[in-house]
Amino acid sequence: MATEFDTGSPSIRQIQTLIRDQQTIEIKLLTGDVFSSIVLWQDAQAICLNIDGQPMLVMRTAVAYIKIMS
Amino acid sequence: MATEFDTGSPSIRQIQTLIRDQQTIEIKLLTGDVFSSIVLWQDAQAICLNIDGQPMLVMRTAVAYIKIMS
Amino acid sequence: MATEFDTGSPSIRQIQTLIRDQQTIEIKLLTGDVFSSIVLWQDAQAICLNIDGQPMLVMRTAVAYIKIMS
Amino acid sequence: MATEFDTGSPSIRQIQTLIRDQQTIEIKLLTGDVFSSIVLWQDAQAICLNIDGQPMLVMRTAVAYIKIMS
Amino acid sequence: MATEFDTGSPSIRQIQTLIRDQQTIEIKLLTGDVFSSIVLWQDAQAICLNIDGQPMLVMRTAVAYIKIMS
Amino acid sequence: MATEFDTGSPSIRQIQTLIRDQQTIEIKLLTGDVFSSIVLWQDAQAICLNIDGQPMLVMRTAVAYIKIMS
């Protein structure tokens, strides 16, 4: 689980840009849940969203897609 | 399975804080189950909840998200 | 698949205690199946239950949670 | 994917015994499919069943449980 | 993802034979999709089918089973 | 997660060709979602599509198949 976190890979860099720009994303999980949120931070295991003002840790293994909203 | 447990990663540290503060979380699994509980402990494979006064080992690979309740 | 089996991790030790004490657990799988059983043994790939007097190998990757019954 | 195949682990040895004894198993997959068959062979990626006289490669990652029939 | 591709393992060799003999298989995915096709090629990540005359890359992690048709 | 990205493997090379030729694909996810899109780029974790003019990061672990449209 302590997988290295390759901050150089395009998808990690893309999410880093979303964090910096506080851009809203739509994220769909394998459960079918869909959340719309900014991204607070990310690490090797999780992506942290802000849902109803509370942090939500979404497990990377449960993510289907991340759509960048204009 | 004996994956190293990177206690330095933000998501592990966040859960460690939840354990210390005995803060209630909402955790959703890939099965669709949703539990509300404090976190008793965590390791590389599982997160241990307290459900109806009994320990419940939730497998990390089955977790969709962890929402921190205020 | 020949992942090391970290017998020192809390969740493996917890299951080892359940085996020793022949304590009944409730185990839910990603398929939605729920079984109530003692645990006969465990290894890196599977957890062996006793269902209707026959051994059942449950794959760790398919486990959602293990609830310890009082 | 070229994971080592730990022939010493109890669950691999148990399946090896089933192969040797041509014992019938019930195997359930994450899709909900349930098959009853003997096991022809196994390797790190798959378990080979005999379904309607034809080999069927079941991917280990898709297996929920293997129940040993008396 | 750059997992070594163990061409010596029985399941990889079995699929290689299917490719060579252009034998039709039935492949079921975790989504419930079932395809009947020959196998064009395989690598560590995917199995390439010929569906309606077009290549289809099926991700190994999404495969439930491969049934060899007579 | 910082898995090496084996640009030599046939499936990665096939997707690279699709990117170069801006060829439309049909991609199905484990959630059942199906998208039709060109591929903007790929890395070890994700495949980036262009959906409604916005980038969409699809996680490789959530992909069932990629069908190449004529």
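Brief remarks on what is shown
Per-chain numbering from 1; labels A, B, C, D, E and F assigned in written order.
Everything that follows uses one rule, which is that a residue touches a chain if its C-beta (ideal position, glycine included) is under 8 Å from a C-beta of that chain, and two chains touch if they have at least 3 such contacts.
This is a predicted model, so every value here is computed, not measured.
Chains making contact with subunit D as well as with subunit F: E. Of all residue numbers seen at the subunit A-subunit B contact, under half occur in both copies; the interface is built from largely non-matching residues. A rotation of 60° superposes the C-alpha trace of subunit D on that of subunit E, rounded to the nearest 5.
Rounded to whole angstrom, the centroid-to-centroid distance between subunit B and subunit D, based on C-alpha atoms, equals 32 Å. Once the centre of each chain is set as its mean CA position, subunit A and subunit F turn out to be 18 Å apart. Averaged C-alpha coordinates give centres for subunit C and subunit F that are 37 Å from one another. The multi-chain contact residues of subunit E, meaning those touching 2 or more other chains, are 3, 5, 30, 44, 61. For subunit F in complex with subunit E, the touching residues are 3-6, 9-12, 14-15, 28, 30, 32, 44, 60-61, 63-70. Subunit E makes touch with subunit F in their complex at residues 1-3, 5, 29-31, 33, 41, 43-46, 48, 51, 53-59, 61-62.
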